[in-house]
Every structure is written in C-alpha cells, then in structure tokens.
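Below are two complexes that have chain A in common, paired first with chain B and then with chain C.
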Partner chain A sequence: MWRKPDTPTSLLPGLAALVLLTGYLIALLWVEEQTTVIALLALAIAAAVAAKFLRLTAPVARSFAAHEDALAGFAVAGVIVIVAVFHDDHFAVLLVDTVLLYAVATLGLNIQFGYAGVLNFAGASFFGIGAYTAAVINGNTGIPSLVVLLIGGGMAAVIGLALLLPVLRTRGHYAALVTIAFAILLKTFLEVNNALGGPQGLQVKGMRIFGWSFNDSIELGKNFELSFYLNYFVLSLLLVVAAFVIVRRLERSWVGLNLDALRLDETAAACFGIDIVRWKAVAFLLGNFLIGVAGALYGMMGSFVAPNNYTFADSLILVSMVLLGGMGSTWGMFLGVIIVIVVPEKLQAIEEYRFLLYAGMVILVLLFRPEGLLPRPVRSYFSGWKPQR
Partner chain B sequence: MHFLLFAQYIVNGLMLGMMYALVAVGFTLFFGVLNVIQFAHGDVLTVGAFAALATFIGLHSLGGISSEMELLAMLAAAVVSMGLLGALIARFLVMPLRSAPPLNTLLITLMLGTVLREAVRLFYPEGANPKPFPALLPTNAASFGDLTLRLDNGIMLAAGAAVIVALQLMLNRTKLGLAIRAVAQDEETAKTMGVNFQLIVLITFAIGSALAGFAGVMHGLYYNEINFGMGLYLGIIGFSAAIVGGLGSIYGAIIGGFLFAALQTVGAVALPFASAYKDVFAFAVVIAIMAWRPTGLLREQFSERV
Partner chain C sequence: MSGVAASKRVLETRGLTKSFGGVLALGGLDIAIEPNEILGLIGPNGSGKTTFFNVVTGIYGADEGTIAFNGADITRASPQAIYRAGIARTFQRSRLSLSLSIFDNIMIGNHKRLTQGLWFNLMRRGAFRREFEENYETARALVEIFDPPLAKRMLEPVAGLPMIDRRRIEICRALISAPLLLLLDEPSAGMTHDETNQLMGDILEVRNRIENLAIIIVEHEMGVIERITNRCVVLNFGRKIAGGSFREIATDPQVQEAYLGMQ
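And now, the complex of A and B:
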C-alpha cells in the first residue's frame, strides 16, 4: 500500500541538522582543553537524547529521504567549511582526511555486512593490503599514483578472491572463522616476511600527480600557507563522494534488492532465481576493492605502514563503526566513523582504552538498539512512498 | 635416533592436542545446547590463566604454602571463576539475544572477547607484556637420546585425559548429563519433560568455561609464560578443531583437537621454511579445510542453524 504524502517534505530540517553538525564538529576540533572536550561530548549526547524525546529526529529523517541528493551536496559543503576553518592545522585536516578514508572503507564493509550479509572480520587486513601495495609500488616503480590507488583496491579484491571459495561455501559462524583466521594469518605473515619490512613495516612515498607532490605545503602568497594534508583532503573527498554515489546507486538498484533478498533469506532468494554465489562474490569483491583503495591512499598519506596497524582488533574496530552507525545505513557509516575516529583523538584519556570502549559500546548497542544509531530506512520503492505503521 | 626424535614430536603434539581438545569441547557444548558459537571462549581461557597467576602471586606472598597446594588453589580459582564468568556470559549476553538474528550473538561474543582481552592488557599490572608462569609440577625428566620425557608433561596429559573422561561420564551417566543431552537434542521436548532449560544452559556454559580455565592453567604450566593475546589464538584453533570434528559432537571435538595438533606438528617438521611461518601455516590450514569441507571433516551433528 502506498499513499501520497499529505504535505511535501521540507528540505529545512535536514539542512538545519547538517548546519548544527558542521558547527559542532568545528567546535569539537577547535577545543584542546580536556574538560571542554568532555563537556562538548556530553552536550552531543544530551542533544541527541533531547531530539529523540522532542520528536525532532523524524522530520530530519524524512527530509533526508526526500532530498537526499541536495542534502548530500550540503554535507560536502559542510566538510569543506570545516577544512577551510582549519586550513593550516595539520592535525585537524589529517583527522578529517582519516574520517573520510575510513568512511570509504566502511562503505565497502557495509556492502558486505549490511546488504549481502557476507561476514568480513578482516576489514583492516584488506585496508592494510591496499596500503602495503601502495608502499611497494611507489617504492619500486614510477606508476602514477592515481593508478596505484586502483591497483591497491584491485590487490585487495584479488587477495579476497583467494578467500572467496571458503567464504562462499560457508555461512554464519563458519564464514566468520575463515575471515578471522585470515586476519591473523596476514598480520603474522607481514611480521615474519622480511621482504615487506617485517615488524618495522615500510615507508610509503607520498602521492604525486603530474609531478605535483602531495607532501609539499601549498603556499599562496607570503603569509598564507595551507597544510599539505589539504591535497589529500581533496582526493579523499572525491573518493568519498564517488564511493557514496556508487554504494547508494547500488543499494537502490535491482542489485541492491538482490543483495537484500539474499541477506534476509538465502533459501528463499535462491528459490526466486537469484544467483546467490554470484551476488555474494560481487559484494565481497566490491567491498574489498573499496577498502583497498581507501587503504592505499591512507598509506600514502600516513607515509608509513606496519603490521601492527592492521590487526584483528583493528578489523573489529571497523566492524564497530558499521554496527554503531547502523548496518546497511549509508549515512550511519559517517556517524560511526566520526564517533570511533574523532572522539579518541580529541579525548586523550580514552585513547589507550579505545578497543575496550568501542567493543563495550557495540555490546550495548547490540543489546538495546541492534539497528544502530542511525537505522537504515525502509527501502522506498516509489518517490513519496512511505510504509504505513 | 630418528625414531626417538619422531616420538618426541608425538609427545609435544599430544600436549598441544590436549589443550586444543579442551577448548574445542567447550565450543561444542555451547553449540549443542544453544546453537551459538561463543567467540569469546578463547579469551575466557586467557582470563582463567591470569586469574590463576594472580592467585599464585597472592598465595606466594603469604609464604609457607607447598607448591602442590598452590597449584590446587590456582586450579580451583581458575575453574570456579571461569565457570561463573561463563554462566554470566550466557545469562546476560547470549540468552537475551536468542530471538535476535544469529549474527548478533556472533558479534556480541566477538566484542566480548575484545573486552576481556583488552581488560587483561590494560588492568592486569603490566598486562601488555608476557608474564612468567610458575613451574609448579615436578620437572624430573628421563632422557633417551633425542627423546626427553618430562614428568610434568605426563601429569598434565593424565589430568587432561581425566577431565575429559569425567566430562564424558557426567554427560552419559548422570541426570544432569541426561538433561544437557536432552536440551541439545530438542529444546521444546526437553522443556515439556520438566527440564529447567535456562538452568541447564547456564550450567553447560559454566562447565565449558571451567574447562577453558583448566586449559589456561595447563597452557601456562606447559609454556611457563602467558600473555593477553594467547586466548584469541587458542580460541580460533579450538573452534577450528570443533568444526573439523563436526560441531556438536564431543568425540569429534576431541579428535579434531588432536588432529589439528598433529597437522601443526607435521607442518613444523616437514615444511622447509618451518618455524617462522608456523602460525601462517596453521591458519592457512584452517582456511583450506573450511574451503574443502565447509562443515568439518566429520559431519556436523545437527543441521546448520546460523
């Protein structure tokens, strides 16, 4: 059943939410004093709870559903505003870049977990494969950096291919075991393999496009210098937009419908003629490709890769981002990444405890709000359609 | 001489296999009663080993206690506290999610594993470093050329075997065992026959986790060192062993444990690049087995339910 909405949904609530969020993030990145950071975080929690009780969340969600493209544009503008404010602050711009790249990775992971229901507990491993690929190629050849990004993604997909057979043949906890075993295997392998730098890891040469090195600061005039991370910011932002568009289109297309069907009931999906093996493979490889691309750029930006950054615990952190944001929820990924990446960077007291903290948080989410903080909205089949309650 | 060296590998493999089997039996018990995989099981083992170590340090500082008594106290501490922890996990994390998708149980136990592991790393004094574990068993050894038979290994093997036999007897000869088997076979029917379902589930989790505590102490005694990450490793291998033997079958889990140890020992001996890559090899074998026989070499006792 569907009916026309009584009143056209307004763009305003979504826009207001984005403006508030942008302002809040600028404030959060600005403050250094730890007590102020804690106060700001408490304010965010209080605001979220208050919005929930005052029923302010529903109009925002409706507005996002109706004007997604426009609001996505405003979100991009918001990110640009944030970076413009911090244009000469290396740390803040690096943090924004990190959030964007992890958003790309979680969008990939979300295809696997959220749409197809293919489990992947080796997300950080594929991220690391991308980064190591960038390190090796940039160190030994003159292949253009942009191509290296694609090779990094391709490498993650190809190595994922080796895991494909066991992943496709197994389900549930068996599949989980395969990817966990791979996560530990890869980390151990990188540690004992001397060609890849062993436990110390490798240096990664920075990004370079047409002779323009990304690791040089940008100087405009005499007194106006920009952080060199701005180079990476532009590229990361383009990557996020591309990944977002791809994932969103994929979700809304018949491919996404097939993936949903196969996640919800494999047997029923097979009965309706959906090729389970094919779509699982597509989801697994495409997801790994996105993770690998993000990893390659992250490696070049950080200029250093080591096995300790790509452990099973890091893979679980990636999964926490997906779960906190809400499995299958594209917008939720950004929220999950911001919570997991930005908060420990600003609040140094919890930096050491972050694995513990986020694992505990996910346990609470699973117990009390399993759909995540920003649950995935019901698929809208026609414009203006909304499910009746 | 070659034969003696071979015998030495067999003895080492048996020790390894006993630990794997104890962990695998836990996985199989949990899967039997509740059809869930408790991914934090390996980390329960770690916590058990650290609980035993803390008990030892506490008792040792008192002084005047014989090492046998110390060992018994450590075992009791590890077994009882892990049994309790297992029951708590079942009660507050696994049971509430029974009606949720199976994926959520998997995720929640994985995250719990991280919580336990990180808690040991952060809150045990200098928990990030490997900790020496006291050698409390008599270390008399008899050497025959390449073969060294140590008394402590013999005692541990015997104790492990005794525990497994006792578990087997409990499951097959007592009323409690009957109830556990009934719940594993058919929850509804068991309930109509007057079995207290929740209690049986909690007891089963307690038993399985107590076994992990026992295995943790054994691991410490064998290697004389424990660290916060060892449970993750043992958990993965133990789970693989349980799968190889067919989830839900106790005998399968035991066979799987020893099979895995045999594979690893053979791998370490036969492969040229041996020791550095021994873990890589072990996990590659896990993946390969899953690709070849997705539900184990022996058949799974119950149909796949996740």
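And now, the complex of A and C:
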C-alpha cells in the first residue's frame, strides 16, 4: 500500500494491542473452569498466528517504536485497570504483583544475557539473596523497609562480586558453569546454615512505610475491603516503571552500545577501546542489583523464604522467561513473564507438568523464532527520533 | 639526532618478532611509515601481513622487538590504549556487528570521543541527546563522502547491505575517531573489480580531506597497490624481502621468486 513518506506513525495500532491484551488478561484471570481456560489459551495462540498472517504485527511494532513513552503510560494504565477489576481478589492481585516483580528481575537478567552476553544461571539465587536480606534485616532491625529493598539489591550485587572474577576470566559455557555451581552452593549453604533458618527458611516481616503496614487490609467504609496485596501492587508497579526506565535508557546509550559491541565481537570491541572487563562488570552488578531488589520485595510480600524456592531449577525458569520474550527485548520480558507465571497458575490441570510445558515452549521458540516472541528492534536512541536529513 | 628523525615517523617497528608454536610469523621486522604516506604491505599468503597488524594493534603481544608510535613505545600496550593513541584498523574478514545499525557500528569506532560515564548516559539525557545528535551528523557526513544514498539509511541494520557498503562502513568506523594511522587489511576481499576500484577512489578521496593520515594497506590486488601506495614492503615467511616504489619491487627478482616460486 502506498504511504506518504512523512506520514507520522499512528499511536492507534499500539494502543489497540494494549487494550486487547488488557481485556484478554482480565478474561484469563476471571475464568476458573479448565476447559474455558484452555479455550482462552488456544484463542491467544490463534490470534497471534492470525495477526502474523494478516500483517497486523508490523503496524503495532512501528507504533511502539514511534510512541513508546505514551504507550508505556497506557500499559501502566492497563495494569491498573486489571487490578481495579480484581481489587478484592487476593489470588489475582498477588498474581499481578508476582508478574511485576519477576518483570523487574528479568529486566535485570536481560542486561546480563541480552546486552552483555554474560550468562547468569543463578538468577534465582540473587533473587533469594534479596529475599533473605529482607528477612534478616526486617527481623532484627528497624531499618525502613524502602531502604531494605535497596540493601537487598546491594547484597545481591556485592555477593555477585565474588562470582565476577571467575565469570570474567572464563568465557561462554565455562562462565555459565561457574554460575550454576554458585546456584547449587548457595542453596546448600542456606540449608545447613541455622542462623538463616536451615531448610525451613525464615519468616519475613511485611513492608512498612511510615507506620503504614502493607500486610493490613485496606478498608474503605464498612462493606468495602480491598486486598492487602494492593499495597504491594502500588510499590511493585513503581519498581517496574523505575526498572524499565533505567534499562531502556541503558540500552539507548553509549553504554548499551558498548555492551552490544563486546557481546558480538570482543576482539573488535577491544580494538576500538572498549574496556571489556569494566562493562561486563557493570552489566553483571547492575543486573544482580535489580534482581535483588525484586527478590527483597517478593520476600516481604510472600512473608516467607526457604532455600527450596531459589534453586537452580528456578533460575532456569527465569532464563526461560528471557528466552521466550526475546533476548535483549525490553517489552519481551513482560510477555515472557506473563506466559511463564500466569499460564501454569490458571491451568491447574498441568501443575505437575509445568517444567515440561516450559521446556516445550522454549524449544519451540528457539526452533521457530530464535529471537523470541517479541524480537528486539534495532536500537533507536530516542523513541520517534528521525534524522533532520 | 636519531630521536628527532624517529619522532617524524608515525610508526616504527624494530626487530619485531612473533612466533606461534614453532612457526615464525614475524622474523625481526623493521617497518616505518611517515605522516601522509600510504604504505603497501604485500606478500604471499601466510607471509605475516595480518599478524603484523595484530601485533601492532595489541591483539598479540610481540615476542621480541619494539613498536614506537609517534615516538612513544606501545610494544606492551593493550588494544584499547593503542586505539586511544590513534591507530585504527579494519579486518580481513569484515567484523561489523551485523545486527546493529550503520550508525551504531560507526559509533563503536568513536568510543574514545563519546562520554562513557554511567551517570551521564542514564541520568543526563538532555546532554546525552545533544552529544548523540552531534555525533549522528558527524557520522552521516563521513558516510556521505563514501556513498550519499547510504547516508540516508544510517539507522538500518548492517546485515542487509552488500559487501562494498559493509567495507565502507568498516572504513568509516575506523576513520570516525580521526586516527593518525589507519590499517586496512585486504579491503578488496570479497568484492568485484569495479567495486574495488570504487572503494579505492573513496579511500583516496577521504585521505585528501584528512591531514596527516598515514595508511598501511595489505592487499593482493596489484592494481590497487600500484594505484594508491607511495611505497611498498614485501614480506615472505615473516621477513622483509624487498622495499621501495611499486615499480621497483615489481621488477625485483626476489619478489618474483616469492610469488611465482621460481628457482
């Protein structure tokens, strides 16, 4: 179809996609009956395939490229609508909170995998370090909970430092093995360490900001009670927005370019002055920091941490979110997290076979769409920016 | 004094030696190049030309000998430090980042002139935007010298471009930081005769616009060497077997023997 070269790209396709997705997620969270859930999931797959054949994906992608900031705002509005619909449903709000916090963690993991090419198969360990940090500090000190979130991230980054040297010295598969060894060591350490509760784990006191306890229900009037998970929702949403902005800016900067350059060709990068060690370290520490912050809030929200929640298998689930969404794709992380977390929760019938489902999905994606469901677009430094001539 | 004479040279290697296992790749090489000069480095396959580039740019450490750049010793310097000092290169097998845009690839070469602090890049987005737009214009203008239509496609990935455009972008990536010495490793590889001629025209054109740029070019196409070099050095088995203008070396019996294997 002929298009005037200077026609501004419309916001509408992107907005329509977000509205459809919001409506779909509300429906998916609403239904309980297993056959209806399966029908809805089949509908999503059919719709995605149909959109591809009808060439509806390209306008959406263009729309997101040109109006990313506005559409990100609409995405936030969509999440708020979903939570408003389920305001008194503990389970649904908890599920949304979980998705948001895992999105923060995968955004961190994406800096390592997607940009720097540093393979980290201990993502769940750093998530757990954040949660354990929250448990210990909230249980023993009166440090404000918001500061505890930062300390949780800081601890993940600092403990990650211990891994940094072997990760920088080895390459590819060997660096991955180092992180796998770390994940297994950390779980064993937590299990035998009585000060940290051993295999039973620890209780985590809930979030508390200026006397406002996040674990109390919110009562409005006599008959209107909101889920206490809404408190956590507000904070998770702020956290995911902050993480998104930071990671997006990182990608769209000279730092993001350095990371891409060293991932794609270390020798050429070195020949153009790029300090390989410095930037790999920055990516590794920043990624672990985000994962740790998410873990700290997740621990407070779940009010309980145990070694069994942060195993190598859980790290693989985090990696599968990144692979499904698309390595390096910021928006893809959200899709990957939604699929991996929401689908098994709704599809109770497959609970036992969860890992089989993840494995199957990852294999299918790697075979037929190796760049992920939402492949990373070519870098543009400012959304909608066009050269003057 | 010899120090004065040496400082006029952009690059000067003395007794440069490198071996891999038992194979001698460079055997005591003395090579010097002056500002504004284009030096051709020729020799049969495996004669040590690319190894010479890799040792000069710090990818391999030299076993013996010294490398002086602008009078400063860079023999033990890292690739990063050598780039910052002012040596840029292209690679024999084009080493662009294919999934990145033309602009991104060129900016990789501009690393030393970009503000690299994390705080600046993440938080000072207004200042970053100005730096980005200035650099976009600089890169666009450089590409325009080589190929005006290509300068309109700066934000497209390199993967879809033909070989000649990729070579042009590789040369732009090396030139964007205004180096004093450019190392071109077989720029004609994988291109047709016409494309090669075009590219050499581009290189000469750019050289005329940049003051004091010295170039060392490794090339198998003798037509290219004859057309663009001031002087040539011929290598065989890591040693210098001849040097001089193209005419002189073309008639040198040792060179003919190295290439044609005459006894």
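For the reader, a short list of remarks on this structure follows.
Rule of thumb we're sticking to: the second predicted complex is superposed on the first by the 374 of 389 C-alpha atoms of A that agree within 3 Å, B and C clash if a C-alpha of one lies under 4 Å from a C-alpha of the other, contacts with A are read in each partner's own complex, and residues count from 1 in each chain.
Quick note on the criterion: a residue touches a chain if its C-beta (ideal position, glycine included) is under 8 Å from a C-beta of that chain, and two chains touch if they have at least 3 such contacts.
Small disclaimer: the values here were computed from a predicted structure and weren't measured.
When both complexes are superposed on chain A, chain B and chain C end up sitting side by side without clashing.
Using the contact criterion defined above for the overlaid structures, shared-chain residue A:Leu119 touches chain B, although it does not reach chain C. When the two structures are aligned on the shared chain, A:Leu20 is found in touch with neither chain B nor chain C. Of the two partner chains placed by the overlay, only chain B lies in contact with A:Ile180; chain C stays clear of it. Of the two partner chains placed by superposition, A:Ala349 touches none, neither chain B nor chain C.
Within the superposed three-chain model, A:Ala242 lies out of touch with both chain B and chain C [touch as defined at top]. In the superposition on chain A, contact of A:Val255 is made with chain C only, not with chain B. In the superposition on chain A, contact is made by A:Ser320 with chain B only, not with chain C. Comparing chain B with chain C, more residues of chain A are touched by B. Fitting both structures onto chain A leaves chain B and chain C with a minimum C-alpha separation of 13 Å.
Residue ranges on chain B touching chain A, taken from their complex, read 37, 39, 93, 96-97, 100, 102-104, 106-108, 110-112, 114-115, 117-119, 122, 232-233, 236, 239-240, 243, 276-277, 279-280, 283-284, 286-288, 290-291, 294-295, 304, 306. Residues of chain A that touch chain C in their complex: 246, 249-250, 253-255, 257-258, 260-261, 264-265, 267-275, 282, 378-382, 387, 389.
Here chain A touches chain B in the complex through residues 117, 119, 121, 163, 165-166, 169-174, 176-178, 180-182, 184-185, 188-189, 192, 312-313, 316, 319-320, 323, 352-353, 355-356, 359-360, 362-363, 366-367, 370, going by the rule given at the top.
Against chain A, the residues of chain C that register as touching in their complex are 57-59, 78-80, 83-84, 88-89, 91, 95, 97-101, 104, 107-109, 111-112, 114-116, 118, 121-122, 125, 128-129, 132, 136, 140, 154-157, 173, 177.
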